[in-house]
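In what comes next, chain A is part of two complexes: it sits with chain B in the first one and with chain C in the second one.
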Partner chain A sequence: MSSYQHIISSLYMRRTLFYINLAWANVSNSLKSRLAYREDFWAGFIANFMTQMIGVLFVAALFGRVPHVKGWYRYEIFYIYGFSQLTLGLFFLFFSNLFEVSERYIVEGWFDRVLLRPLDSFFQVIIERIHFEEISNILVGLVIMLYSLHHLKISLSPSQHLMILGMALSACLIYLGVFTAAVSATFWFNDRGSLVSVLHLMQNFSGYPVTIYGPKLKFILSWIIPYAFTAFYPAVQVLRPSKYVLYAWLTPAIGLLFFGLGMFTWKQGVKAYESTGS
Partner chain B sequence: MTKRFAKYWQFMRLGYITYLAYRFQVLASFVSYLLIIALNYFLWKAVYSGRQVIAGFTMEQMMTYVVIGWSARTFFANRIDRMIGDAVKDGSIVMDLLKPTNFQLYHYFRSFGRAVFMFVFMTLPIIVVASFLFPIQLPSGKLGPYLFPISVILSFFLHAGISYLTGLVAFFTRNNEGVFRFKQLLVEVFSGVMIPITFFPGWVQDALFWLPFKYIAYAPLRIYLGMEPLSRVHQGVLLQIMWIIIIYAAGQLLWHYGIRRLEIQGG
Partner chain C sequence: MPIIEVNNLVKDFKRYRRRPGLGGAFKDLWARKYETVHAVNQVNFSIDSGEIVGYIGPNGAGKSTTIKVLTGILVPTSGQVRVQGLIPYKQRYQHVKQIGVVFGQRTQLWWDIAVMESFNLLQKIYEIPMSDYQARLEKFDQVLGLKELLEVPVRKLSLGQRMRCDLAASLLHNPKIVFLDEPTIGLDVAVKANIREFIREINQEYGTTVILTTHDLSDIEELCSRVLMIDAGKIIYDGELKALKDGVDASRRLLLETIFPVKLSGLADLLKDYPLDMQSTDPYHWEISFNRNQVNAAQLMHLLLSSLDVRDIGLEEPPIEEIVRRVYQARKVQ
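What follows is the complex of A and B.
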């Protein structure tokens, strides 16, 4: 390595460390400011947990009356649902500020402030808020997964634990990419997030085996809005290892692809941004 | 008396007119609702594959239940909780408090204006489009066609009361987003929009017997499907009215207690 390259790479290192430090400072600050209103913090936490419980009750009731749906047994479906809650929890924990972009940052013009700072605009928007309440989503998801595995008499090896973690993070990247692209659309169209709400709605149906919907919807959920890769394909890898192996291992690739797509749309959107001037 | 009614008529008009300004958004949520109906339809179709009757509902009844239930939801949904939450947050609630009106009825009627708008531009178009896409039955039984609309109008006022109570939570805590989301899912699941009450385990059904939620969607939908005998239909409508009165009274009570707790942070 020449010394020139060495300097460049150490600059990148310092830049990355700088961003990590900033992110960390922000997490601890936002936790402190949230804990300043302790009652409010717990009110939010409890509300979020109870919302989760109602969701669980719905899924239990929906599939509780029948032993299987199109060949998928109850506890397999629960496992897939648990996995989807885990990835959704991870996604919303770190990236929920993304959903403020249309209304607050673009329509109301907060984005001007972001552009004034010599930092990456996406990074700034993301670290502005950590949605701590989502920790309950993650925990509930994990508990459902463990409970289902117990009923299915499946025990996981350490490498499978690692794989599940990797898959969950990849699934998070898919959500991040899809929603970043959708939110970025507001840079061009002043629509206040109706596209985002449609994508939100479809998310509610990603926690079940996609094969039950029939071939057309399965195709859409696999290859157009790839929600099937956020829960079903990676989860099946554990439940029925011989099925959809290729699909499961495609998850990280799809994650990176959509993340790249999201970042690209964001960059283009920022270029197109015109301040409201207020 | 006529003067008092005129006031609430104006609130209704206000609610109606406000939404005329959001025509593009209404079109967008029209598409969303069709999508929800389609996805729910396919989900239920999968659950019913290879089975004829589950929890007392035949497949045909269930398909109608899903489509009519979600269509009716476009009418009886409201944003009262969020309106109160926003008003507390930005301080504009001060202006509402200065008005010589009943705060609760103001919200009921303003939202009813919105519901009328939604009925014309959402509920009816959705039912028309959905009836081409999905196999749905017409209202059955002798009373279904007449009592179903009345029952759904009552659902609106029942749901408005629940949203109002939820909105008042904003008087007590600043972090109400989670509470509003909880209420939304609570109503969607326990009203029976997402799933008929008979699908729940026995203990949940017992608990729901003592709660108002199932009178929002489940009871009207059973009237629509002609699943209840005449006596039970009347009973259901009377229980809706009873719950509307109870929740209205609870709203009045909570208001008088909450107004003393309310802190408005200067804007």
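What follows is the complex of A and C.
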């Protein structure tokens, strides 16, 4: 390695450490201020947990009566549902501030402040809020997955554990990319995030096998707004390794693709930012 | 060498014209009529290092838009802006490291965390050496009295307290330039005085260039040697505050209080060489008005002091509000 490259890479390292350090400072601040209101924290936690449980009960009631739907066994469906809760939990834990961007930052002009700091604008927006309550989502998802695997008599090897983690993170990137792109639209259209709420509602499709939907919806969920890759395809990799194997391995690629797309629209959007006028 | 250079700056906004009524709102859903608003239109100026410049104008004149372009928040439609040789929106990181910004209407601090935590985050973000950071905090505390506020979350601060913290926050990293957009809006007299003193001190001690927009013209009067006046997106005055005052309104009033009663005829006789008007409420109190271009105020005062037994004497300039109002009125008439 030439000394020039060495300087570049050490600068890069330094910058990365700088961001990690800041992220940590922000997380600890945000946790501190959250914990300062103990009742509020627990109320939020319990409310979130109960919302989870209602969802779980709904799925249990719906699929508990029938042994299988379109060839999918009850516990397979539970596993897919659990996986989707895991990835949704991960996504909302770290990125829920994205949902504030349209209204609070762009339309109301709080984004001014972000542009006045010598830091990446996306990093700043994301780091401003960690939604700790989502940990319950992640836990519920994991419990459902373990419970389903137990009933399906599937045991996982250590490498499969790692793979599931990798898939969940890739799925997170898909959500991140999709929502970043949607939120960025506000930079041009100054709407209050209508596209975001549609995409948010559509997340409900992610928890079930896409084969139970019609072919059009299946196509959309696979290739346009690829929510099928956030739970179904990666989950099937464990449930029925021979089926959709290629799809499962596409997950990280689609994650990176959408993440890139999201970052690109964000960058372009920031240039079009108009603040609140004069 | 100017620290800020603005050449032919234009910033347009596209606004859609809303049609009136509910029916109009429905029509707007389908076809919108857009119009281009020139918020800032062909603006030129340059500012030297160490100046305190007052930037004034009515609401919607383009003040904030100019500030937002200078700070790199907005991308100009056309024209060149250089701040310390940098293009603000392009070289954003380098640029914002060198500037401090306060928006009176909106805090730059983190809403939910204590002021001290906000400051500590800024220390990390701007990579301020610890010793500098502590020294500056100490220094700012002396003028702004920050100590008792440090543990309070920002959202619990009063407006005046918040502004003191915001000002300190904007200057922690020792910026070369600080942009203050309405820093005294909604504050009481004591806090205003405190903040003006702080701005003056920072300017003198660190040579920080200050660009100040305000509606309170006494801010300008107390702090700024130079004024930029903007109206409808165009600069209409750029120069010394004093020259503005004299050019627009050269009328002066001299208020006189005497120990013994004075007769009008006597006073008129004494001042017969000067073109001026005299009025009195009683024989002890006189109000003498004249034009400063025709009458030398110092000579006049000297004459009065040497001829009469004066208890009190004072010279009044027209209030700056009045001057600014006249400038804008004159433009409207054109």
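General remarks:
Methods note: the second predicted complex is superposed on the first by the 276 of 278 C-alpha atoms of A that agree within 3 Å, B and C clash if a C-alpha of one lies under 4 Å from a C-alpha of the other, contacts with A are read in each partner's own complex, and residues count from 1 in each chain.
Assume contacts are C-beta pairs under 8 Å (C-beta built on N, C-alpha and C of every residue); 3 or more make two chains touch, one makes a residue touch a chain.
Note that the coordinates shown come from a computational prediction; the quantities given were computed from them, not determined experimentally.
Aligning the shared chain A places chain B and chain C next to each other free of steric conflict. When both complexes are overlaid on chain A, the residue A:S33 reaches chain C alone and has no touch with chain B.
In the superposition on chain A, contact of A:G109 is made with chain C only, not with chain B. Of the two partner chains, chain B is the only one touched by A:M50; chain C is not.
By the touch criterion defined above, A:G64 lies against chain B but remains apart from chain C after alignment on the C-alpha atoms of chain A.
Look at A:Y273: by the touch rule set out above, it reaches chain C but stays clear of chain B. Ranked by how many residues of chain A each touches, chain B and chain C are led by B. In the superposition on chain A, A:P215 makes contact with neither chain B nor chain C. With chain A fitted onto itself, chain B and chain C come no nearer than 7 Å, counting C-alpha atoms only. Across the complex, chain A meets chain B through its residues 37, 39-41, 43-48, 50-51, 54-55, 57-58, 60-66, 69-70, 133, 191-192, 194, 197-198, 201-202, 204-205, 208, 212-214, 217. Chain contact summary for the complex, chain A toward chain C: residues 18, 21-22, 25-26, 29-30, 32-33, 109-110, 112-113, 115-119, 128, 271, 273-275, 277-278.
Across the interface of their complex, chain A is touched by residues 24-25, 28-29, 31-32, 35-36, 39, 42-43, 46-47, 49, 51, 54-55, 173-179, 181-182, 185-186, 189-190, 194-195, 199-201, 204 of chain B. Chain C makes touch with chain A in their complex at residues 13, 39, 60-65, 68, 71-75, 89, 92-94, 96-97, 99, 101, 103, 106, 108, 110, 112-113, 117, 120-121, 124-127, 153.
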